[in-house]
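Going by the order they are written in, the chains are A, B, C, D, E and F; count residues from 1 in each one.
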Amino acid sequence: MQYFLAMLQLTGFKSFYMGKLIDEFNSYREKMNEKILATDNKVIKRIYSVDTLAYQEGALPVKTKEMLGLVSSMVLRCDDCIKYHLGKCYDLGVNDKEIMEVFSIANVVGGTIVIPHTRRALEYWEELKSETL
Amino acid sequence: MQYFLAMLQLTGFKSFYMGKLIDEFNSYREKMNEKILATDNKVIKRIYSVDTLAYQEGALPVKTKEMLGLVSSMVLRCDDCIKYHLGKCYDLGVNDKEIMEVFSIANVVGGTIVIPHTRRALEYWEELKSETL
Amino acid sequence: MQYFLAMLQLTGFKSFYMGKLIDEFNSYREKMNEKILATDNKVIKRIYSVDTLAYQEGALPVKTKEMLGLVSSMVLRCDDCIKYHLGKCYDLGVNDKEIMEVFSIANVVGGTIVIPHTRRALEYWEELKSETL
Amino acid sequence: MQYFLAMLQLTGFKSFYMGKLIDEFNSYREKMNEKILATDNKVIKRIYSVDTLAYQEGALPVKTKEMLGLVSSMVLRCDDCIKYHLGKCYDLGVNDKEIMEVFSIANVVGGTIVIPHTRRALEYWEELKSETL
Amino acid sequence: MQYFLAMLQLTGFKSFYMGKLIDEFNSYREKMNEKILATDNKVIKRIYSVDTLAYQEGALPVKTKEMLGLVSSMVLRCDDCIKYHLGKCYDLGVNDKEIMEVFSIANVVGGTIVIPHTRRALEYWEELKSETL
Amino acid sequence: MQYFLAMLQLTGFKSFYMGKLIDEFNSYREKMNEKILATDNKVIKRIYSVDTLAYQEGALPVKTKEMLGLVSSMVLRCDDCIKYHLGKCYDLGVNDKEIMEVFSIANVVGGTIVIPHTRRALEYWEELKSETL
């Protein structure tokens, strides 16, 4: 048992555990996106590229755009979209108070049906923060 | 192996198994609600308190209000919200025929996309009933 | 001018004006429902009949069922469906406090996007009440 | 008065009246699409072009694709989108029985909240047919 | 006729005409909000106050919050909510390029069903700008 | 270990693994549908039968109707409904290019929030194809 725990420490158990939601989301997302693009459907390919274009620096800063993507994903209650934009927001330095204000607007506009998604969003946000401790 | 089964019986395997969906839902819900409220975002706190207020006895009885919350959650297809209101309905004595009539209105108004949620709702309802046998 | 007002009174201006939303909704609804049923599409015909069946007296009273239909229509933000169920609720004796509690649950569950529909719902409700003064 | 009616007949009052919904929809749509594209937002421009691309002949015939666009618009309850695809379906020779079967699937999948949109859809469909009598 | 045009100029025909959508929206909204609040339903009153609270200056600036409210309203396709947040964005100095980037994210996330709402949003935005020329 | 692998081959590990999503979906769906129908709620029973009726051969071929059901399920983002119609489409001989064109219209109409559902849809579609290799 002691050996088992030592092995876990060596293989970085904590970061593995903490990043479980993130790893699962990212690896599945990447794997399936590749398969989708490999089907060579032109319409879908262009949707992917317009999706990338939409969040690039423009009149509005990238950070604001990612928060716009996040709040839209929350009111439309798309957990995977929420995770994606949370990851981007984290990388762009959105802080805890800011993220909670995005959550709060999503909950006001979209109602209490957004609460279960807010629970999962906060859990994912905490994992994002713990990963890079 | 025999020892293992005996242990399961002693620890109340059946009720543990029957209440799996309920336990998972409640414990995750409570854990994350605490974390959400701990962020001290005033807007979200008030949404939680207005949510509580909305289902209190008024011109309409609590039981009716919980059925209104349930049917709304079904047509908006929010499984966690459905589970929450099913638990409340169960505690308030809504019976099988009544719950099926709530389900039926949700399916008529919201269409066949509500059916998968009705499957999970009935499974949860049955667990609620078996838990207290 | 006095003559004009007198003429309005004679032609029942007040009740005409008050019932404008109701008349428009009902006459269009009836005209188009007839045309839809005249197409003789079996699936749609059965949807219409199951719709009628769903709101009939059962384990739950008709009044509760109409409120369930109303709250569902509100969170799904279907103004015509709201008008229909408001009419039924009015006929079944749902009072002002009760209707506002249905509205309140719809606004809590569905969020502030339900507010514009609540405005139109209250306007229609007031017309229903004024019509039979 | 007689002169007025004669003038209406000369200017094709009937076809003008019958095509009212179509004319209003098309002229507003074209006017505002021009203004949207004139803002020169690249993302929106590409969405417009991918929208055109999606409905072009491919493995699936154009007619099937327009029916797919129609049924999607119905379950998402977007009246303007419904009108657009109804116009395309009409031009491509979709007949009455086929259009009603598209409507019926939309109503089964999306529920009775689709009915008010079906009323307006049938009204628009009838105008499309009467326009070219 | 010349007299008629002169009168129109005196009564400010242009600004009256340009602000038609804005005036209609605002006056109806205010009238019905008053009636809703007059019903004295505590839950709805608190939703109104939490709605106000959510858009106040915080970790995020008011301008960002109004854009979050706007994009949420667009993907949820609530025309009245869109008008409300457009008015706020205009007052806060959001410019044309920024507003189009909010529109573009709404259209990417929410799809082509958002286009009809974008048409009406741009029309309203242009009226907001012309009103104060 | 070698014994373990041999056993897996004997018990048809590959097809078992490949069909995991399909088996899970079908067995749960069947089990719960039986329970739902056993409650003997007339409204729900009729919804089930009208659901069957809607996809039967008519003016439109069954294959087109299943694609209409699929695209509706995608824009409404109902994973279980998507799986069901994918299974039907597969049985009816819809090919890869056709299914991707249905996916592409769903993504254009419904926006990038449909992408996560498209990932799961393609995974399920691949499992359907591998099952019968």
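Keep in mind that, in the parts below, a contact is a pair of C-beta atoms (placed from the backbone, for glycine too) under 8 Å apart; a residue touches a chain by one contact, two chains touch by 3 or more.
Given the structure is predicted, the values throughout are model-derived calculations rather than measurements.
C-beta contact counts were set side by side for A-E and A-F; A-E has more.
Counting the residue numbers that touch the partner chain, chain B and chain F have less than half of them in common.
Using CA-based centroids throughout, the chain positioned farthest away from chain C is A.
Looking for a copy of the C-E interface in E-F, C-D or B-E, one arrives at C-D, which has over half of the same contact pairs by residue number. Farthest from chain E, judged by the mean position of CA atoms in each chain, is F. The mean-CA centres of chain B and chain D are about 42 angstrom from one another, to the nearest whole unit. If you average the Cα atoms of chain B and of chain C, the two centres end up 30 Å apart.
Put simply, the C-alpha centre of chain A and that of chain B have 27 angstrom between them. For chain F, residues that reach two or more other chains under the stated contact definition are 43, 47, 50-51, 54, 73, 75-76, 81, 97, 100-101, 104-105, 107-110, 112-113. Every residue of chain F that touches chain B in the complex is listed here, in rising order: 28-29, 32-33, 35-36, 39, 41, 43-44, 47, 51, 73, 76, 78-81. Chain contact summary for the complex, chain D toward chain B: residues 75, 107-114.
On chain A, the positions that touch chain E within their shared complex are 50-51, 54-55, 58-60, 64-65, 67-69, 71-73, 75-76, 81, 95, 97-98, 100-102, 104-106, 108-110.
Residue ranges on chain D touching chain C, taken from their complex, read 77, 96-97, 100-101, 103-105, 107-108, 112-113, 115-116, 118-120, 122-123, 126.
Contact residues of chain C toward chain F in the complex are 42-43, 46-47, 49-50, 53-54.
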